[in-house]
Amino acid sequence: MQKEKLRLLVIGAHPDDCDILAGGTAVKYARNGHVVKFLSATNGDTGHYEKGGGQLSLIRAEEAANAAKTAGIEYEVLDIHNNGIEVNIQTRERMISLIREFKPDIVFTHRPYDYHPDHRATSMLVQDSSYALIIPNVCPLTPTLKRMPVIMYLSDAFKKPYEFVPDVVVDIDDTFEDKVRMLDCHKSQVYEWLPWVDSELDEVPAGDKERIKWLGERQLKRDGRTAERFRKQLIQKYGAKRAGTIKAAEAFELCEYGREPGENELLKLFP
Amino acid sequence: MQKEKLRLLVIGAHPDDCDILAGGTAVKYARNGHVVKFLSATNGDTGHYEKGGGQLSLIRAEEAANAAKTAGIEYEVLDIHNNGIEVNIQTRERMISLIREFKPDIVFTHRPYDYHPDHRATSMLVQDSSYALIIPNVCPLTPTLKRMPVIMYLSDAFKKPYEFVPDVVVDIDDTFEDKVRMLDCHKSQVYEWLPWVDSELDEVPAGDKERIKWLGERQLKRDGRTAERFRKQLIQKYGAKRAGTIKAAEAFELCEYGREPGENELLKLFP
Amino acid sequence: MQKEKLRLLVIGAHPDDCDILAGGTAVKYARNGHVVKFLSATNGDTGHYEKGGGQLSLIRAEEAANAAKTAGIEYEVLDIHNNGIEVNIQTRERMISLIREFKPDIVFTHRPYDYHPDHRATSMLVQDSSYALIIPNVCPLTPTLKRMPVIMYLSDAFKKPYEFVPDVVVDIDDTFEDKVRMLDCHKSQVYEWLPWVDSELDEVPAGDKERIKWLGERQLKRDGRTAERFRKQLIQKYGAKRAGTIKAAEAFELCEYGREPGENELLKLFP
Amino acid sequence: MQKEKLRLLVIGAHPDDCDILAGGTAVKYARNGHVVKFLSATNGDTGHYEKGGGQLSLIRAEEAANAAKTAGIEYEVLDIHNNGIEVNIQTRERMISLIREFKPDIVFTHRPYDYHPDHRATSMLVQDSSYALIIPNVCPLTPTLKRMPVIMYLSDAFKKPYEFVPDVVVDIDDTFEDKVRMLDCHKSQVYEWLPWVDSELDEVPAGDKERIKWLGERQLKRDGRTAERFRKQLIQKYGAKRAGTIKAAEAFELCEYGREPGENELLKLFP
Amino acid sequence: MQKEKLRLLVIGAHPDDCDILAGGTAVKYARNGHVVKFLSATNGDTGHYEKGGGQLSLIRAEEAANAAKTAGIEYEVLDIHNNGIEVNIQTRERMISLIREFKPDIVFTHRPYDYHPDHRATSMLVQDSSYALIIPNVCPLTPTLKRMPVIMYLSDAFKKPYEFVPDVVVDIDDTFEDKVRMLDCHKSQVYEWLPWVDSELDEVPAGDKERIKWLGERQLKRDGRTAERFRKQLIQKYGAKRAGTIKAAEAFELCEYGREPGENELLKLFP
Amino acid sequence: MQKEKLRLLVIGAHPDDCDILAGGTAVKYARNGHVVKFLSATNGDTGHYEKGGGQLSLIRAEEAANAAKTAGIEYEVLDIHNNGIEVNIQTRERMISLIREFKPDIVFTHRPYDYHPDHRATSMLVQDSSYALIIPNVCPLTPTLKRMPVIMYLSDAFKKPYEFVPDVVVDIDDTFEDKVRMLDCHKSQVYEWLPWVDSELDEVPAGDKERIKWLGERQLKRDGRTAERFRKQLIQKYGAKRAGTIKAAEAFELCEYGREPGENELLKLFP
């Protein structure tokens, strides 16, 4: 990996989105001395079947803090209501300041085409923020970025109005276990809310060990599908031999509103 | 048709959109004992060249009630100004409650790519509502749906950013006459506003019989174009023989943010 | 009391405001065959030190339903977030429709000068709604009121920009016990949240009987203060003899934006 | 009257408010060569019992134009929905530009304490605009005023939070007839809507002459009440002899957020 | 070119967008006696590295006025903050009135897929305005258009969700010099802000002549790329011979929400 | 002064409001070891006749930092546009978090009755924030205050709807010089903008020494008027002897929505 210390900012809508969609990549970079921050645009205070309100948001914030410690990254949770984030200039300006303060080389976020309105809103807010990151007259009290960051979309399975296009696919086999450990911290999400949504609450094992094993298998299916779906890109990047063995991958698409890295720069950013 | 009683909710922007785009399908399901509701997101109080305001909205509500009676369905008209509906969380939450209360198996609405801003807003509101239909912490005082409904887009002719993709095309020849009778109830629309928009006001015949005949021909052209455009899908569904004779059709596209029915379920929903 | 059946609508900000400020009057009218409805403009989902979110709002709605049953009145709780209600035209129009649907002779609400922003917002929404109650072009799909209702403010102790002016003070000694029984239904408020706010949580007795006795004493202090503060008005209304014995009272001030009842009508409304 | 040509801008909420509350004063100034403009902040499209929408707003605009011609003043009607005006920065900035463009010496508007939410909103918008009238960085493309105008409230009868305080009371006996002629132009208001609100629709005479006579009497009662209520101020201004004969008056209160004219300047502005 | 006097309205987000993307076409039409207006939806008060606020907006407005004079067109700059324009109904209604007042045959604007949030907002506002241009009940005080205008998108290089599709490509070789003269008027943009964004501030020559030459070369690269990219369309329109020599072009895409011109009409509009 | 370390938070609308209205008191408390913070709710980017935008806000932020250093206090400037602050729940929640983070014993802010809309908005935001300071479910990620702070209004001269009522008047003679030194830091305000507003720009002396002397005299007039106006209260607090000599004072009024301190506590807070 390159020597220059990179700064990666992953902006998800809820406290667990970043982990699920970019956790393996995050750990990989953090291990190599780069600086990674996860930012949850909402406080996750509605995503549960029996908890809710302020207490749920505190649980989520604590889970995020635990995940961050596990991975050696920073995690910030904004105190905006889950299912309550709107795309307006006031929130855009908050986003601009937050992004500027971290000084990222790369920003990751959802595509504006995703099933959850909070994902779409988060994505639109990042898109609407992008050009202003370098304009001194916008949010003038927070210094601008010297250079527009590369912006990348987190992967999803939606096909309309156009399907996710992988510009970078990352082999996360070597950090997959850490990723699962991160996810394991989001207990109220991965063992409660998400299985409830999928009507699989009774499949969640009781013991800690069994539970994390179950979680790992579940996530491996997901990240395995990504590897399978973008095997071609993995081969191109890692060569057929190694690519053929990759079990888990995370994929990212360039957002056209960020800095357009050439192929060389992309290789340097994602070696 | 399947024995289970289905609940269909068609959400259009104006009092007549549901009828024009899904009237034949609605009658078909109502006849078979299923429960169908049309919901107009606005009160239609601007769509006219000489009427307007409260009185126009009352005319539209009455026309909708008449159409509902004709078809054996329910019709609700929201008291939101035509050309005045906005995509915000307050209206989203109203939409969530309304959808939940009806407990639909299938929700139909416009695509977010359509010529009228009210169509686009209505579509976005339904999309933004979808995931929260099952979240107990959102609109907590209205019980959540046990199961995410299938969501389908009503057809249109727009090509960008991508063209309408028919997932289901319905032969409405057997209910086409009823559909026209529904449309005939929307007199201030079909004999006044729409012809005025098309500069065809002087082509509307004077007598009731002549008028409904003229309306039927006009609508047959439209629904015939749909049949023509998606003949391939009709053949696939109904077989070449029957499909070849179909004169009028209505088409629907799956929205990726609703429940994803497999092919089998789709066949059960649209036999 | 007059024979004509009156319709009273009390609009408070939270599920318990109506009870605390007009519960005795409500029971009095309900007993006499008048129709009384309490409307809580928010769902009370933040007013607690350890509960919150959807579950708290469900608790509040159930407590309100219990109180209503106790008093023989109707109770509606709007699904608007506590500490989340804003004064805008969208909510105003909802308020207009709600008021019209109940067809009240008298509407009660907070003054726009009160410590809680939800109280102020609720008051402003009712004020902003008032004139449109009789305008057919506003919320045209809900029939207008034939006659502007009398609007009255619920009492408070604030002095700026001007102090509460009692236009009507009601002796509630005969219904005070029922009022306490209503309040007793709002357990999460009167035994949990309100004592917590006053740092008196450990003073709440354990047993049901002791608890309601404690509550009654607490409320008697409050309603006794009202009787004391407006003894002059009580004397004027009930005569010195009776007024001298009144232990509990509720007071109301005419809002200038509702119908201005003459003294005679006021006497008929509040005999 | 002073020789300097004054510029008076009266900002009412509806097309007839300015006329009713300042019509006599307006004609007086116009006759003396001063420049007077009436600005209606809304288009009056809901204030009627059977008309409404675009057509009603066109009627109102034409009635306003007629009134303006009668009085020799300018009249502008903003295309904002009646019962639809909100206090926000976007509308404030529009108000700032409009006021600046007219370059008024005196601005008149409603008090923020009045029965109609549109009156209150209009008043708040003018108040919120006032200080920025001289700030070059606000609405920079419209030149600022060289001097903050005097701002005055139109009179009303409301007592809370404080009663209207007359700083200037104007004898309008000499222009009262013209004022009635102005009002007579607002036919859909003075002969239709306002009597309907007061349940006096059947008292409106049929013939044009009778009608305007009826209107004059009605208005004389109103403006006579103003004269009676502020007789003391009339005496102070015009001397006991003349003041004793004044039948009709209009009264204005200084808004503290405009320029504070000394007594001398006030006398020059209102001789 | 056709004899009928056409009216072209180009709506860009900032004072220079119209010039850069349609300047050559504008001059061509203006020269032929057609009426062209540029409308900047914002006042450009943030797009600079050291100027800002009201003074910058005044500079931009003056630069726009100069460009207009140079080209023989009209130029209007709205006083909405740069990076501060939002898509709401209030601004939509302003846009509707502005478009109606100009009575355009063709409206040009950005695509809703472009890097700058102001571009996207401007585009969405025009889209949301389009259908209401002919509805008398919307913005009733501004007469509607007799005929829906053709709406065209200005070109850009973005590929998602779909790439710009040229429906019309215009050879601007004969007006390219004038276009550069227009751009030269926007000194604070083309010699200050844009080079600063591209880190080329030190490449801007000192002398006036050198500077405009530098600007012309820069713009020729851009418009040359457009000619190159859409050479096929140029050949189709102008024939292979002429098309082969075209050095600079501007391209436009039909928006489906405007009037759909047939091929013949398109040829008449763009001969 | 009491030994307990107090925490004072002064929330003004612009970078200089806190200094002008509470600078003397602030220095007094800071000198005695208490912790004082000034918070400007806007960045002051419009209050100037020739500067503006981002650069002006940076000037203001630096001036505020200088003033803070001079006085030994903390100063925070929010990046909200001057003349652009609105009262909504999003900004209210930001205010709640900011107040909680400082943990104030006393909060000072403008009255909601003041000439500048930013002052009124700031005041309303603080009022709307007050009750939620202790509610765990509001802004749940920022710990609540253990105890509701005392809230006080800064003084002004407005009389409607009611005149400023001094609950505390502070002799600032001993810190007046420091207050002037603070004001002297706000050069773009006190030597440029404010004199320009008062048409006294040419009275500002050239030399630094002369200038600060001029400023001190100007401020002494203002703070002297406060002492004069509230001499009665000064006598009550400090005794006739000392009170008679007081040249400069600052006055504060209790806001009823904060904690109600008894007389004793008030004396402890303001000895």
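Things worth noting here:
A, B, C, D, E and F label the chains in the order they appear, each numbered from 1.
Heads up, the rule we're going with is that a contact is a pair of C-beta atoms (placed from the backbone, for glycine too) under 8 Å apart; a residue touches a chain by one contact, two chains touch by 3 or more.
Please read these numbers as outputs of a predicted model, since none were measured by experiment.
The chains that touch both subunit B and subunit F are A, C, D, E.
The minimum number of touch steps linking subunit A to subunit E comes to 1. When the contact pairs of A-E are matched by residue number against C-D, D-E or E-F, over half are shared only with C-D. For the pair subunit E and subunit F, the CA-based superposition corresponds to a rotation of 180 degrees in steps of 5.
Of all residue numbers seen at the subunit D-subunit E contact, over half occur in both copies; the interface is built from largely matching residues. Measuring from the averaged C-alpha position of subunit A to that of subunit D gives a distance of 58 Å. Here the spacing of subunit A and subunit C, counted between their Cα centres, is 48 Å.
Computed centre separation for the pair subunit D/subunit F is 37 angstrom, with centres defined by C-alpha atoms. In terms of their C-alpha centroids, the spacing between subunit B and subunit C amounts to 43 Å. Of all residues in subunit D, those that touch two or more other chains are 45-46, 50, 52-56, 88, 136-138, 140, 161-162. Looking at which chains touch one another, you get A-B, A-C, A-E, A-F, B-C, B-D, B-E, C-D, C-F, D-E, D-F, E-F. Residues 88-89, 92, 113, 127-128, 130-132, 134-138, 140, 161-162, 165, 256-257 of subunit B are the ones touching subunit A in the complex. Subunit A contributes residues 45-50, 52-53, 56, 82-84, 86, 115-117, 120, 158-162, 197 to its touches with subunit B in the complex.
Subunit D meets subunit E in the complex at residues 43, 45, 53-55, 57-58, 61, 77, 79, 88, 90-91, 93, 97, 136-142. Across the complex, subunit E meets subunit F through its residues 45-46, 50-56.
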